[in-house]
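Order as written gives the chain letters A, B, C and D; numbering starts at 1 within each chain.
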Amino acid sequence: MSFVLNEEETMLRDGAQQFLEEQAPVTALRALRDSGDPVGFSRDLWAAMAEMGWCGILVGEDHGGVDMGCAAAGLVLEQIGRNLAASPFLSTAVLGASAFNLAGTDAQKAAWLPKIAAGETVIALALDERARHNPSHITTRAAKDGNGFRLTGAKRYAVNGAGADLLIVAARTEDERINLFLVSPEAAGVTRTSRRTLDSHVPADITFEDVKLDGDALLSGAEDSEAAYRHLLDIGRAAQAAEALGVGQKAFDLTLDYIREREQFGAPIGSFQGMQHRAAHLYGELELARSLVRRALTTLDTQPAQAPLWCAAAKAKATAVSRLAAAEGIQMYGGVGMTDEYDIGLYYKRAQAAGEFLGDDAFNAGEVARMSGY
Amino acid sequence: MSFVLNEEETMLRDGAQQFLEEQAPVTALRALRDSGDPVGFSRDLWAAMAEMGWCGILVGEDHGGVDMGCAAAGLVLEQIGRNLAASPFLSTAVLGASAFNLAGTDAQKAAWLPKIAAGETVIALALDERARHNPSHITTRAAKDGNGFRLTGAKRYAVNGAGADLLIVAARTEDERINLFLVSPEAAGVTRTSRRTLDSHVPADITFEDVKLDGDALLSGAEDSEAAYRHLLDIGRAAQAAEALGVGQKAFDLTLDYIREREQFGAPIGSFQGMQHRAAHLYGELELARSLVRRALTTLDTQPAQAPLWCAAAKAKATAVSRLAAAEGIQMYGGVGMTDEYDIGLYYKRAQAAGEFLGDDAFNAGEVARMSGY
Amino acid sequence: MPLDTFRTETRAWLEANCPPSMRKPIASEADICWGGKDWTFTSEDQKIWLERMVEKGWTVPAWPKEYGGAGLSKEEAFILKEEMKAINARSPLDSFGIWMLGPALLKYGTHEQKLEHLPPIARGEIRWCQGYSEPGAGSDLASLRSKGVLNGDHYVVNGQKVWTSYADRSDWIFALVRTEADAPKHLGISFLLIDMDQPGVTTKPIKLISGKSPFCETFFDDAKALVANRLGEAGQGWEIAKYLLSHERAGIVSEAAFGGMNPVTAAHQSGEVDETGRLADPILRGDVARLTIDGLAFDATLRRIKEEGDHGEGVGARASMLKYVGTELNKRRHELNMSALGMDGLLWEGDKESDGDPARAWLRSRANSIEGGTSEIQLNIISKRVLNLPGA
Amino acid sequence: MPLDTFRTETRAWLEANCPPSMRKPIASEADICWGGKDWTFTSEDQKIWLERMVEKGWTVPAWPKEYGGAGLSKEEAFILKEEMKAINARSPLDSFGIWMLGPALLKYGTHEQKLEHLPPIARGEIRWCQGYSEPGAGSDLASLRSKGVLNGDHYVVNGQKVWTSYADRSDWIFALVRTEADAPKHLGISFLLIDMDQPGVTTKPIKLISGKSPFCETFFDDAKALVANRLGEAGQGWEIAKYLLSHERAGIVSEAAFGGMNPVTAAHQSGEVDETGRLADPILRGDVARLTIDGLAFDATLRRIKEEGDHGEGVGARASMLKYVGTELNKRRHELNMSALGMDGLLWEGDKESDGDPARAWLRSRANSIEGGTSEIQLNIISKRVLNLPGA
């Protein structure tokens, strides 16, 4: 485990930075939004990301991936956050690939991981059933039906759900354990309702009415399927924290640029001590979040058993800090920060959405307390 | 109910301000501390306070008091807080008198209220049994014994316990309800251990080993003795909040004086915007606390059924704000604020002790949530 | 007239004249009657109610009768307010003319100016907007650059204003314009009343992060303003503006006071409560409890300062404290609303018209601590004028 | 010598020479060996351990041999540290001479000065204290007023220092003194080494709000300091002091890092946990959880910046961030310790010697954000040197 990027990671980060600034700047998100894009991300961008090899970042080399690990995925996600790049990277290349890595049989891996690495499949995790994330609150049921299952339940705000080709659904089997199921969004009994959220993404509410599934729809490769499910969420938390860190850091960078230049009362507003102390405090908060994010991701790669605490802490901190950075940004911009013309408000919106996914700061603080034994 | 002081209240406040600044300034507390005074307050000062009529502030005129109500008591307490005046005013004139008012029989009132009003009795409430205040955690038992009771249990940090002539003890009777009992600290089976706390007060840990009590030791004048007990604590919370407000306000006033004068880098430190914004924020917090304290006290006097929410809110806010004001004070004073030579540290210590009594900000925030139904 | 009699008569008149549909709480923007040349009444009742109240002079009850008011005393006006509130009677007319220009005209206007402008405001015939802020000026309002050059009986005005609420629907604008080029910054500004029905005045709506907004940019290109429509002396504009800003500040504070969604109602809406009605997330519950305490404290503080005001103690610079505390609190409330709503709070557009309302309100709340003087400006004012801290 | 060999030999030597009683964690102040003329060893082992380490040059392993060190390379010194830690070996000698004056002497001293002062430090014969702060100077350290007037081969020093730790037990003091009356503020200060064993130097302990303290006031009344004992040039004192302050800052940060009581251990101590070990007060539990998160984050940040340092990225002004964040966090920890202890935390004096420790530690923690540069100073440094924000 190392906080310092190795050569390969540095190249990846620099490449992601350059690529996304060129191919997916904030104007691209605005264009998707203003055109009312039905899935909220660009298929062309996704194909280009696959070209870059990112889709296989968590896919083994035998399945056509580059197998670089969570820390590497986090570097890409931070840049995605910085640019507000709308893509199914987290839902597909991170959560999708990890679901197969953790819980797929050899056959399932062989069938799907190459497609993920090639950017041919967009995956959405259909997880939450309530407004606030709660990994234990799963009432969707997969009842045994011959060799297969019958799936019934309702999921909300599945990220990238509107554009997904494959759903991975958390459902309880008859032993009351939570398992993951592969479901085609086109299957009979599946209804998707697109939801446009404030960050211009398009998740979906998805209902499953007695959906017939084959036996191999169950991800059955893990020794303990529920442990695999929980570990998948830990990966998701650290990954989402990495994106949120990028959102917060860029919001801060934009704000610094602004207050260095903008004059009021004959001086740059960044020269006022009241502003300076808040900016310096925020800098410290971002550094704390950065350390936790990196620590969580590298721990997932090297000491996964110790990862849950770090993942929860990273998600809690990144959620709080990215919101704070964007909120302070709007305040420091003043009136123009409230206008849609400036980007800072878009960062605030994305920070909020990223904050809710897989639990906000309050939820994850509770997890930290629980795992710390108090 | 009024936020504005009436003429009588204004006179009381001004009188208390002048009297305490003259008779019980911070140097008096230092003298008690440095002499290792066994009870932590001055009997002479207490007698003088009785002369002023303050001991009867919650005692009816038929029992020799002036019956001015909780709002008036709060005005005295705020001045006590400002001067860190060590006295049994809260434990005796507020909690002691209120216990009789709420739960005493006519005979008990007639026996004790005149003594309270005359300053002849010092009372301590023996309440908490755990380190953090919890009004429901009462395991002290008063078992029926003929016409009387046998009292067994252990109380901690009874405020002014070392100097008290009479203890009012919260204990469970055989019906599991909490009742209040009058116990002489000299009675057989009662053991007092003085505790010197950081604010130079001297509470006592008190154990009761099979202490024999007469039947009239039970305060039995209330229709619902446990409701009376809870209401007594509400009064205590608002009163303690009033004192804490005085502590915080004076800490702030001292700090303002200091930063207006003290120069660094060629300018008064109070001219730096970083300092100014924190001072202005603190001013707002103190104003909020002030409003809640007054609101809680006047509500106790005029609409007691609605008081519990306001009392808990006032105690929570005053606890948090007085601590913050003193902590910010030390920081703004800088190094000298850490020395015993300056008074600001004494305010920080008292704010902490006042904060713990009858529940700190976390405890009372929980009460606010509960009473608000969420 | 004895106050009791006034109350009885008022009650009877309201009972007889306020249409039942005008006795319901304002549910949306559309229920507010703003008036103006282009006004379209949303209902016949709205029109009748306005006409009847105009006739009584009760759209602006405390203004003198000759200017369209009823000349009520402070006590009478308060009784009218109480009696209207008792039957939930809607305000018959709201406008920046009533809230802001009116007080300024009454204080600084000539008799002729009052006669010309106040009655149309009182009758809802002319709708006004406010032109203070400029791009680049922000908190440093006095650094504005719109220029008015004297030309005979009028000024030729050039420049740009921002944050002119409802400028696209207004008839006239009261604007701060730099007319004395050589005077010091604060002494070169005049307060001009400008007819917007001329080619030199154009407007453009501003889109906010929360969506559509009433705010506009307003452009002056050789716009004309009669010297007769200058309020006060040339160069007195800053003084008048400061007088009016204190009115605006009070308005924002009362807007920030609690009402509408709170985190508890939000949690009930999103289902994030347990069987007993307790907030399901214990840590969120703690955050909400602290908000409740500060909400109670703010409410009590508003009352206290109001009561103290009734006893002759001026609000003064403490208005800055109320503005600061109230707006910061309102932002916190909206943040916790969003947390309690969870993913439901993220909805932006949906099937129901109200979908997205919480998110838009949350975003809109961020402006509370910017408009009407930023929080930083309020803290500066408190430091200097309440705490007497020395200047830098 | 190959590093492996060095490690093996070091391990063997330590095993053979470190007395068993010197292999226990430092339990109290009394276990630390400070040295100095008046030093009384608390045990025979403490004395033996110091003597043996002095002989090896391992009290200051990286200093050159001629100055009392062992001339170890960075890698060797690190190995020694690791091997000592492996057997819990105590530091044989701690002193401001080692931590602070030593590095300054090595960088700025002449060969003669090094020869005179470094070996006695290395051997624990002379104990030093630091004389920087003055009453009234505070954060504006350079505004100090102690004056040194040149008189032949020495300076005559008059003035007063505060916060001189252990001055009452020290033999010499290194002090900042204004020697160039006409030079600009920062350029008039010299760095003087002053023998305290003279009538012109007296000390007086300072009592803190947390109780007794190692801090003193130190008074110079016509004290003498040889010009030969001026470190660096006349007027170079500020530069040397700044160099040393960065050493001090790093020390305070590591002190602030977690260890000792935390709110969870505090709650167990006071019994404020439920049957399952959960903190009994749910709102306090939320506050503690957020502290835990920031504690994990700070720990990770210390490691990250250390690792980055090992890869050649200087800590630089980020030390100010660590100092700010670490000390504010430590204050929060102590506040929550006190909350978790409840009334038990209020105890000041009692039957046990440890009674009052939590309260004293809580009070002492308030100084963390004042000493070694206040939090405000750190925020200023971050603003300017990390964030490149413009000057006022």
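The rule is short, and it goes like this: contacts are C-beta pairs under 8 Å (C-beta built on N, C-alpha and C of every residue); 3 or more make two chains touch, one makes a residue touch a chain.
The structure presented is a predicted model; accordingly, all values stated were derived computationally and were not measured.
Identification of common neighbours of chain B and chain D yields A, C. Summarising the inter-chain layout, the chain whose CA centre lies farthest from the centre of chain C is D.
Work out the mean CA point of chain C and of chain D, and you get 57 Å between them.
Centre-to-centre separation between chain A and chain C, using Cα means, comes to 41 Å.
Centroids built from CA atoms put chain D at 44 Å from chain A.
Residue numbers of chain B whose C-beta contacts span two or more other chains: 272-277, 362, 365-366.
Among the residues of chain C, those touching two or more other chains are numbered 282-283, 285-287, 289, 376, 379, 392. Within the complex formed with chain D, the residues of chain B that make contact are 128, 130-133, 156-157, 195-200, 203, 262, 264-266, 272, 274-275, 323, 327, 330-331, 334-341, 345-346, 348-349, 352-353, 356, 360, 362-363, 365-366. For chain B in complex with chain A, the residues that touch the partner chain are 272-274, 276-277. The residues of chain A lying in touch with chain D in their complex are 2-4, 256, 259-260, 267-268, 270-273, 275-277, 279-281, 283-284, 287-292, 294-295, 309-310, 313, 316-317, 362, 365-366, 368-369, 372-374.
Per the touch definition, chain D reaches chain A in the complex via residues 264, 267, 273, 277-279, 285-286, 288-290, 292-294, 296-298, 300-301, 303-304, 307-308, 310-311, 318, 321, 324-325, 376, 378-380, 382-384, 386-392.
Listed in rising order, the residues of chain D touching chain B in the complex are 133, 135, 138-140, 143, 162-163, 206-210, 270-272, 280-284, 287, 331, 335, 338-350, 356, 359, 362-363, 366-367, 369-371, 374-376, 379.
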